[in-house]
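Notes to accompany the following structure.
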Amino acid sequence: MKGLWNKIEKWLDERYDIQPMKEYIKHKKVPMHRHSVWYYMGGITLFLFTVQVLTGILLLMYYKPGENSSYESVRFIITQVKFGWLIRNVHSWSANLMIFFAFLHMFSVFFSGAFKKPRELTWVSGFLILALALGFGFSGYLLPWDDLAFFATKVGTEIVASVPLIGHWLKEVLRGGEDVTGATLSRFFGIHTAILPLIATILIAIHLLFVQKQGMHEPEEFKNLPEEKKKYIPFFPNFALKDLLFWLLIFNIILFLALYFPWQLGPKADPLSSAPAGIKPEWYFMFMFQSLKLLPAHILFLEGEVVGILTFGLAGTIWMILPFLVPAKRESNKILKIIGVFVVAFIVVFTILGYIL
Amino acid sequence: MGQTRRKFLNFLLSITGIGALGAILYPVFSYLVPPKIAEANVNSVKVGKVMHFPPDSSKILKFGREPVIVVRDKQGEFHALSAVCTHLQCIVQFRTDKESIWCACHNGLYDLKGRNISGPPPKPLKEFKVNIVNDELIISKMG
Amino acid sequence: MKKLIVMLNIILFLVLANSVFSQTQNKKNVVQTKNSCLTCHKEDDNMPDDYNPNNVHASVGLNCVDCHGGDSTSDDEDIAMSKAKGFVGAPEKTEIPQFCGKCHSNINYMRKYNPRAETDQVSQYYTSVHGKQLKKGDENVAACTDCHTAHSIFKVNNPQSTVYALNVPGTCNKCHGDAKLISKYKLNPNIYEEYSNSVHGIALLKNKDTGAPACNDCHGNHGAMPPGVNSIANVCGLCHVNNLKYFEASKMGKAFKEEDYHGCEECHGNHGIKKPTDDFIGVSDKAVCINCHDEGEDGYIVAETIHGELKKLTSMYDSAKVKLSEVKKIGMDDVDISFILKDVHQSIIKARTKVHTFDTVQVAKVVNTGLKTAFKAIKKADDEISDYHTRTNGFGIATGIFLILIILIYLKLKTIEKKQ
């Protein structure tokens, strides 16, 4: 067994010179300190993305986009196809967990200051990936074409229309017409299964490349330790095995959720029926949805919703280019921490409000 | 001793590793095997051979979640209508003596086009399209 | 001759003006062509209280003079409302039927507007209790205008109409709910209240099911009268066909006829009729059977047996429904089961109808088909549930493997760390 492995390695090395890569992997190390646990968040997100790609491909085997077939084919998958229920539920649950861990990853990076120089572009690419993940969530939610999906999409795309100047145009482009119809379904299907995966894969590759190039970020307190007190573990096999441990654990949790908390498939979407009570967006949109809802109808001479959207747009942009705005020096840490805590508190509070109000 | 222990651990690891891989791949491969009903299709349903429907008879069949009444009239023509009365959702029946669809619950009457012609029903029965392909009856949604 | 030509010209002009008007401005403006009645009565604020310019007569181009006579082209009150011009004014109460009947009993006239018009309303009316009393000179009873209004008449299928199905109970109740008035005739003034809480009243007034019977569906309209003892069953049987068929063929039906019992009403009541429960039959204190049948009698035993049969089926149906909700809760396929349960529900309806045969064998036959179908549904549900348990078992196995793997990887990690 080992002999065969060596032979393959030699064969490859002869042709592609894999020595530098081997060296790189051998010497890649991960700093160990009390905040090391956050290093796993990115890996978990990546793992869940892989799960999404694989289960997504499997779902494509039976899913048929279309006003008269989407709902029926999803129903077919979860009732007729062997383990179809599992694949669909894993896809839904893993999607939610992926976004959750992406958020965790982002905030851990923010609070450890890892986003600052020289990792500005890693941060920007990461932010874009999160935005794409939200896009995945939004577009995928419509695909089963049940009434909740239909009305949530209707409400969601309606909010887009409040974007100044291009809002109406954007809404129509998203919906593929004036209203949410079969045309929207085709579009969302295309976006969800072709456009977003392509962009996401490229961005993730770039994101990972940056990380490999620059190595793991070391927090301030770790950097200041005397050299002999700095503890590292090798990336391979130690850190990789630990990664694997987390992945297995998360995967098992997903299986558990898929079995005991299956995603419902409501009644088929009926564009002519009235919206069911209590339409709520997915939890990761809740804080935005809720704060837009709580805004007064008019702020100064502008509509409340427009102000809200502009604010979110502006805040998002600032958040994305944050590493270019703050000096890499230490003094700024305190203010940043306050801002970070405020942002987290805002998201948490408004998400909770969204569910209790 | 450490040597054997490590070897044993490696052995166990590969066994469970293969097991775990199996636990993942088994559902995946079962998923890929097409189920008996090859595809999800509720826009049309095959309901059987023409000879199973003698003239002047009817059958109630399943169309997705909906019962559908298929009537073959005296002239041998086929009609397919939703079998749920539009009044209080009883299942309707074909009355050969009246040559029409009748709901026993409150004496509602529909003609073979599904139009409500007497009694309490407030609106017509939904009509379905009937096609005959290779001697087999296929019912599909209108429009 | 000249006069005639002028007249014809005027008529022609009016007709043309009418058609132009109606094309451009809708029918409601028809009345606005020269009508001195409206001009003056509006000026003097002396219009009938119930005047609605969209009423059915105006909408077909009739105006005041077509009922009241006179000449609406003259601005001179004395000419317009002169006897010479045929002015009759408002009719006396007792004259109202003839007043309306001038046109409505004349098919040659009515044909113009509706070739299928019925013209027997007045003659029917005089056969009704209302009509008979009016003939006697009793001015308290309803004549045409009491139900149809005088100046807000609409077709019966127009929701604005006082005789539109949903409005009928309220219209009748104007008089029949007037305790002072109706007690003179020794009638119950609370019928509206009883009716609105009945199964029919709830269907009509609350659920707006215009197929549900309003007052006139059982009592008739122009010939309104309480149905006689012998016709009650036929009236109910208009909708409840099978119930009537089974009942009339049953021993009970024959006995009822002999004893002059009030058919359906005897058990179900009349205006306040409630949706019967399965306890309606049987021997409990909610059952109506024990009103006549004493313990030990054949009828008593039949009632008890039939009640038992119904209960068997409904409780089986309930447990199948519980199973169905279990299946739904765990996210398994419920389509087939729901479909089968529709059949069971249909059997329950059939069995409840068969009660009216008062034949335990016939009821049991329907109940047994229902039970069989229900069993099928339960079996299907059990299959789904056991399938679900297979899944949980599979999950258990997978979890076991993953857990062992996790532990082993952890151990491996420790040995590696030790080596380092």
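In order of appearance the chains are A, B and C, and numbering begins at 1 in each one.
We take it that a residue touches a chain if its C-beta (ideal position, glycine included) is under 8 Å from a C-beta of that chain, and two chains touch if they have at least 3 such contacts.
Note that this is a predicted model, so its numbers are computed, not measured.
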Going by C-alpha centres, which chain would you call the most central? B
Any idea whether A-B or B-C has more C-beta pairs in contact? B-C
Averaging over Cα atoms per chain, report the distance between chain A and chain C in Å. 56
Distance between the centres, which are taken as Cα means, of chain B and chain A, whole angstrom: 39
What's the distance between the Cα centroids of chain B and chain C, rounded to whole Å? 34
Residues of chain B that touch two or more other chains: which are they? 20, 64
Interface hub residues of chain C, defined as touching at least two other chains: 335, 398, 402, 405, 409, 412
Give the residues of chain A that touch two or more other chains, as numbers and ranges in rising order. 75, 80, 86, 248
Give the list of chain B residues in touch with chain C in this complex. 5-6, 9-10, 12-13, 16-17, 19-20, 23, 62, 64-65, 67, 87, 90-91, 104-108, 119-122
Would you mind writing out the residues of chain A in touch with chain C in their complex? 75, 78-80, 85-86, 233-234, 237-238, 241-242, 244-245, 248-249, 251-252, 255-256, 259, 262-264
Once bound in the complex, which stretches of chain A touch chain B? 58, 61-62, 64, 68-69, 72-73, 75-77, 80-84, 86-87, 248
Touching residues (chain side chain C, partner chain A) in the complex: 330-333, 335, 391-392, 395, 398-399, 402-403, 405-406, 409-410, 412-413, 416-417, 420
Under the definition above, what is the set of chain B residues touching chain A in their complex? 20, 27-28, 30-33, 35-37, 39-43, 64
